[in-house]
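Okay, here's the structure, questions in a sec.
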Amino acid sequence: MHQNNNYLVETAAQISGVNPKSCMKCGKCTASCPAFDDMDLSPHMFVSMVEAGRIRELMESTSLWKCLSCFACVERCPRGVEPSTLMEAVRLMVIRKQGGHRISADEIPELLDKRIPQQALTSAFRKYSR
Amino acid sequence: MEHRVYSLPKKRMGELFGLISSSRQLFLPMEKGGQFQFSRVDEHTDLEGVSLDRLLTAGSAKELFFPQTQQIAAFRRRGKEIELTSAETLTSAFVAFGVRACDARSLEVLDRAFLGTPRDTMYEEKRSKGTVVTLACNEPEETCFCSVFSIDAASPKGDVETWIAGDTLYWRPGSEKGAELTQELDALLDPCSEEEPEGLIQLKQQIRSIIGKLPLGRLSLEQFRPEALQELFDDPAWQKLSEPCIGCGTCTFVCPTCQCFDIRDFDTGEGVQRFRCWDSCMYSDFTTMAHGNPRTSQVERFRQRFMHKLVYYPANHDGLYSCAGCGRCVSKCPNSMNMVKVMKTLGGAQHV
Amino acid sequence: MQRIGVFVCWCGSNIAAAVDIETVVQAMKSEPGVVYSTDYQYMCSEAGQGKLKDAVKEHGLTGIVICACSPRMHEATFRNAAKAAGVNPYMVEIANIREQCSWIHRDRAEATAKAVVLSRTAVAKVNLNTPLTPGTSDVVKRALVIGGGIAGLQSALDIAEAGYQVDIVEKQPTIGGKMAQLDKTFPTLDCAACILTPKMVDAAQHENIRIYTYSEVEQVSGFVGNFSVRIRGKARSVKADICSGCGLCMEKCPSKKAKDEFNMGLNNRRAIYIPFAQAIPNVPVIDREQCIKFKTGKCGLCARVCPADAVDFEQQDSIIEERYGAVVLATGFHTLSLEHYDEYQYARQPDVITSLELERIMNAAGPTGGKLLRPSNGKAPKSVVFVQCVGSRDTTGCGKTYCSKICCMYTAKHAMLIREKYPEVDVSVFYIDVRTPGKNFDEFYRRAVEDYGVRYIKGMVGKVVPEKGRLLVRGSDLLDDSQVALEADLVVLASAVEADASAKGLATLLTASIDTNNFYTEAHPKLKPVESPTAGVYLSGVCQGPKDIPETVAQASAAAVKVVGLLSKDKLLSNPCIARADELLCSGCSNCEHVCPYGAVSYIEQELRIHGRNQIRRIAKVNEAICQGCGACTVVCTSGAMDLRGFSNSQIMAEVDALCR
Amino acid sequence: MHNSSCTVKETARKILESGQAERLLGWEQDSSGYNHAPAVFKSAGELDRFIYDRFCGSNLSKLLARLREAEGRTAVLLKACDRESFNLLVREHRIDPEQVHRVDIECSGMVDIEKLRNKGIKGIREITESGDELHISTLYGEKRCRSEEVLLEKCLSCPAVSSADAFDAVGQMEERSSLERYEFWKEALSTCIRCNACRNSCPVCTCEQCIFDNPRSGTAGKASADFFEDQHFHLVRVFHAAGRCTDCGECTRVCPQGIPLYLLNRKVIKDINELYGELSLEDKELGKGALTSFSFQDAHPDIIRKRTGDQ
Amino acid sequence: MSVDKQPFKPLIAAFCCNWCSYAGADLAGTSRLAYPAEVKIIRVPCSCRVNPLFVLRAFQRGADGVIIAGCHPGDCHYTTGNYYARRRMTLLFSMLDYLGIEKERTKLDWISAAEGVKFATVMNDFSKEIHALGRNTRFGDLRCTTAVAQ
């Protein structure tokens, strides 16, 4: 189904409950982000792009999946913007668009890798399966 | 003059109402907004709402003769002149059907107040045009105490007296007016052969037997004599009795015998419309005069109401009490204070 | 019944061209109360006013309706004319048939009909008007300034110079406030003490100024022109009148563990102390919580060494009761406590400091003698990082939602001063926005960047981490879209400005309102920026909102002018169109008190005779000197006891009736 | 209920015997078994007539305000629904809490005798309770009725008795079209006889003189000759209670015409809850109400225009 | 209604605060910005002076619409009056709507002394709405409407 841009913006806002307009562009999120080095879009840009309605680009970006959901940005943001929540919302939008299970419990042992933080795997399982 | 009894199968009462309402306005106890009250019935009315089983309407039949609000006159300003128009509206003939014995008695009480001297022409107009068709109370309630005032709910006095016994409506004219109405209904009403049909005799017995068992049926009126006026007036019990009274006017407004009214002007901007409206002796602004209010505390106002009903009125009207024992105040008082409690407290040793 | 005269003005052709004047004049003749109705070309002219005066005499008028231009234009003119003719000025009403009728309606019939309605509406109101007289009250020719910082001092000096008595109440042992703690001031970089201390001396020596230090306002009653104030002077334990300020006591005091508040706790002071060398009064105070004598009963060394025998351990608090005509609030500010900002490690790392602490470190009279040294080890730093907006512009509830306004400038000042004195030290500033509106402000900031090589990084700090004896500052550079990690020896946080804790209590005492941030609210944000909504109470300095020294001084002087303007009057005339409670109707519910923006309503227990019986009732009383006549109280009054003179319930309802007729 | 009835009486006895209060405001038993009137008890001896059962619906805090000038302390029994009224009266200085010995009592719902009658039960002689059933002995035989079916309107959404949402009915009314609402209220309010029971029983209405009784207020309208006056009376009554009404349910309980007045009061409460939420702590401390406080973020009245789209 | 000979002429009462909206109306006048003559202004010191009773009174007396205009939030001459008015009128309008009175008959707007254009626009728009609604039949007192109806 073709999703027009307004719909995407509204959906992101609806899922996250976040108002990107309250961002004052201080960059504290980016300053706090432990996954920054792996991201091509830093958290503050993420917020800024949602504000600008560039959701489709975000949905296609790889940074989306690099966020650890550690909530450092949520914790530190002085304006209550919650970049991580916003990312989660866009991730959900991608998942909902594609539908179906993306990971099952059986697959987890294969995926176990010492370098992957266990927390990330658990949250991935929670997020990507139903 | 003794009138004979007529009968009509109960299921044909709809036709009866139709016939009455074709020549006169007809008022019946009907449900409206969840409450039962006398409402106008015409050919468009759904008779489903008519309830003759319900003992009492929320307001009494008094409303038909002495409405809560009635326009008296209108004044209109023309420049600096004032033009007066009287708001005399003529009432067309009407029939109130299903009036209970207590409400019928209350009209007698009102007559004494309004048709004495000076005569209240507005009341007189309505009274002369209205025909009261009473209905016997098949199932009196625990709040009833009409028998205390020698009212016979088994044989209610009215222009026409009716009974519903089983499947039959019995109809007996009680006055000239009633006889006239009966004549108009000639086509429907079937004259009975006996003076009192068996069904009717049985019903009356049945009603009287229930009345004999009513918990409030044996209140004593002995104490409420004109001679005891001062003693009753000074009774310290009034203080205690009036404690729960919050001074609302519910008892007076549901009372079939309360007759006080106020005259109010309504400024329309270009003139004044003058109305009379029910007033309540329970209100702090009742009979306020230039100097203020004659009764400044609730205990005085409370005492006034009951003294008027039980002592002053009978003293002035040959012993006729201004209470018909309908029990509306008993069931409607927000704080459960009522005529019965007053009578019990002040009425003598056997009830205390 | 009134005898009303109606005067319909043509306003040349302004009204007459659109409204049929004669129709209006004739229509008014049949309105109730009207005994005379006429018209004139220019009612506001000398001749027009003369016509009015003549008519008053000839027809014995008690009320006047002028159908003319807006009351905002000539109400005062016609009221004066009425007064001259012997009619109470408040018996005049204006029907606005120019601005709200003839000028906007083209159709003559329509405009005329509307003019008739507006005129009869005014007639209906005048029928219910009552003569009103402005109240008067005396003015006590003395002002109270609460707070002895630069704001309070400036206000006090200006008032005193104008010839009025002023008392300053300062809760600290010395006047001087926050400015005394500063090193240099932007944008001129002159020394704060050099410009402040002369003012302190001026105030101390001024014949019209009394200074109560170590004192607090405890109770206030009264109203504009006549406040009664109780001031509690806390016991110094040193007799100020005989102490010579020699300082011997301080030298000998064995209790040395108290944090020196003046130096932001960076070093210790004695239990008997003078906050700083130029303190006024130059009289020590004993910190009873620290003093060994007070704690254990033993010691008393100071008393023994005092050559003037001024130490008095028995000294009690003193109570001063005084009356004032006006009050200036100058309670100043504090910097936000940073306990909620763990990420900056302020509480754990001694080398993470606030800007005010840096001021003391940079100050020649400070704990390091003016040398920039790290509090942790006393060594010179090689790199200093400043973080802006710490606790400001924060909507999460940890900090303050507003911009603290002064941080951008003082950070630029600090950065510049460090680079000037220690060119080898790297200085970086993390900022969100640089805000420098002000004379020579932006130039100053640019100098820091361009001439002094301060590195400004657009971004915020995410975390400060101690690493190998230094501090690793992790932040973002948004312009570069990068994360930066700077090694620093000193991290300076620009912590938010917040209203002094005393503001809230004083607001209650004075019924001056405060906003959600505890800054005092001004009577009008644009037109009355130095007045509080409570008449006779004025605002000076940061207590009204963050501001720098020049702005503070400007506001302080403005407040002083307002005070002088008030004190120069012998009597205050009050607007008679004010609220009044009908005592027989009032139920004492306090709702009017709750909505009054001026605190003009108070409650009294009054004995009333009701139905021939005496009853004590709690009833509302409106203070006529304070009430401004907004009418908020009248609407919350359910019994209709509260009414507004000049705009009474019955008057407005009569207007509605006439308008809708 | 029976248990708590004995406990309440015992509590009352202790208070009067110990002298903790000079008098106690409670209910006095009536021989009808349901028409118990509020009464003042001055000594433990008078408590023989004391009753606390399913028929003690009246809110005693209103009567307490009338005893303001009585010497000494007055003890008052407060059911859950009456307590907020009490607090309001304290807040508005109509009751001096120092002069009151407040006793919170339990309640498992009060019976609406009108509802019982509407079930066709007449000629009541005695009512007894057994489990969750009422046994009514009448002139016309024995009747039974589940007590929850005949509770007072105010009990139906009382957290102690039921889990129903008090605002459901208001929500349903809001759903109707403007014209339907108009027709509904026209019918409901036109039965009003202006007896003032709602006003006089309301604990919020304690003005020394009500504007409806004050000919100078311009609002006195004893003669309700036009429907406007019925609307006007109830609108003004509700508005005077706005932000103060504690939903104690007295007005609905006492209305002799059975007008659903709670639909009006709860509408205001619902609006206040939805638009303004809880009062700030500071406002609460000052004893302010929803209409004597404000917030800078309050909605503009246009929100009403946007709320429902119909005509 | 179609047999009505005269076109519907509504009656609109406008309560304007003295400091902002009344001055705004004056400015509209000075700028010759027309709005319908059926809008008639009553001057009050502050929007918080408008008692709901006044609004009801206007409707009782036959007004077809009532508008209250005050200073913008934050601009109140008395600092807080319009905030109280805002709450009170919101609840009043909501209650009127609830009773089935057309909600378009009431309005509150903020008009500053500088907003002559806004004053005229607001009044024109409001008047249009009232025209569209027609005569106020649900909330008037029949006894008062004779004069208006003629």
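Chains here go by letter, A, B, C, D and E, matching the order in which they are written, and residues are numbered from 1 within each.
Keep in mind that, in the parts below, a contact is a pair of C-beta atoms (placed from the backbone, for glycine too) under 8 Å apart; a residue touches a chain by one contact, two chains touch by 3 or more.
Please read these numbers as outputs of a predicted model, since none were measured by experiment.
In terms of the stated touch criterion, the partners common to chain A and chain B are C, listed by label. Counting C-beta pairs in contact, the pair that comes out ahead of the other among B-C and C-D is C-D.
Centres computed as Cα averages put chain A at a distance of 52 Å from chain D. Mean C-alpha position of chain A lies 50 Å from that of chain E. The set of chain D residues touching two or more other chains comprises 209, 218, 225, 291-292. Shown for chain B are the residues that touch two or more other chains, namely 266, 269-270, 273. Multi-chain contact residues of chain E, defined as those touching 2 or more other chains: 52-53, 57, 61, 74, 80, 84, 88, 141, 143-144, 147.
If you check each pair of chains against the touch rule, the ones that pass are A-C, B-C, B-D, B-E, C-D, C-E, D-E.
Residues of chain D that touch chain E in their complex: 173-174, 178-186, 218-219, 225-226, 228-229, 231-232, 235-236, 238-239, 242, 264, 267-268, 271-272, 275-276, 290-292, 294-296, 298-305, 307-308, 311. Looking at the complex, you find that chain A touches chain C at residues 22, 24-33, 36-37, 42, 44-45, 72, 76-80.
Against chain D, the residues of chain B that register as touching in their complex are 32-35, 37, 55, 58-59, 68-69, 71, 139-143, 210, 213-215, 240, 243-244, 246-250, 252-254, 262, 264, 266, 273, 275-280, 283-285, 330-338, 341. Residues 69, 91-94, 206-211, 214, 216-218, 240, 286-289, 291-293 of chain D are the ones that touch chain C when the two sit in their complex.
Chain contact summary for the complex, chain C toward chain B: residues 30, 32, 611-613, 657-658, 660-661.
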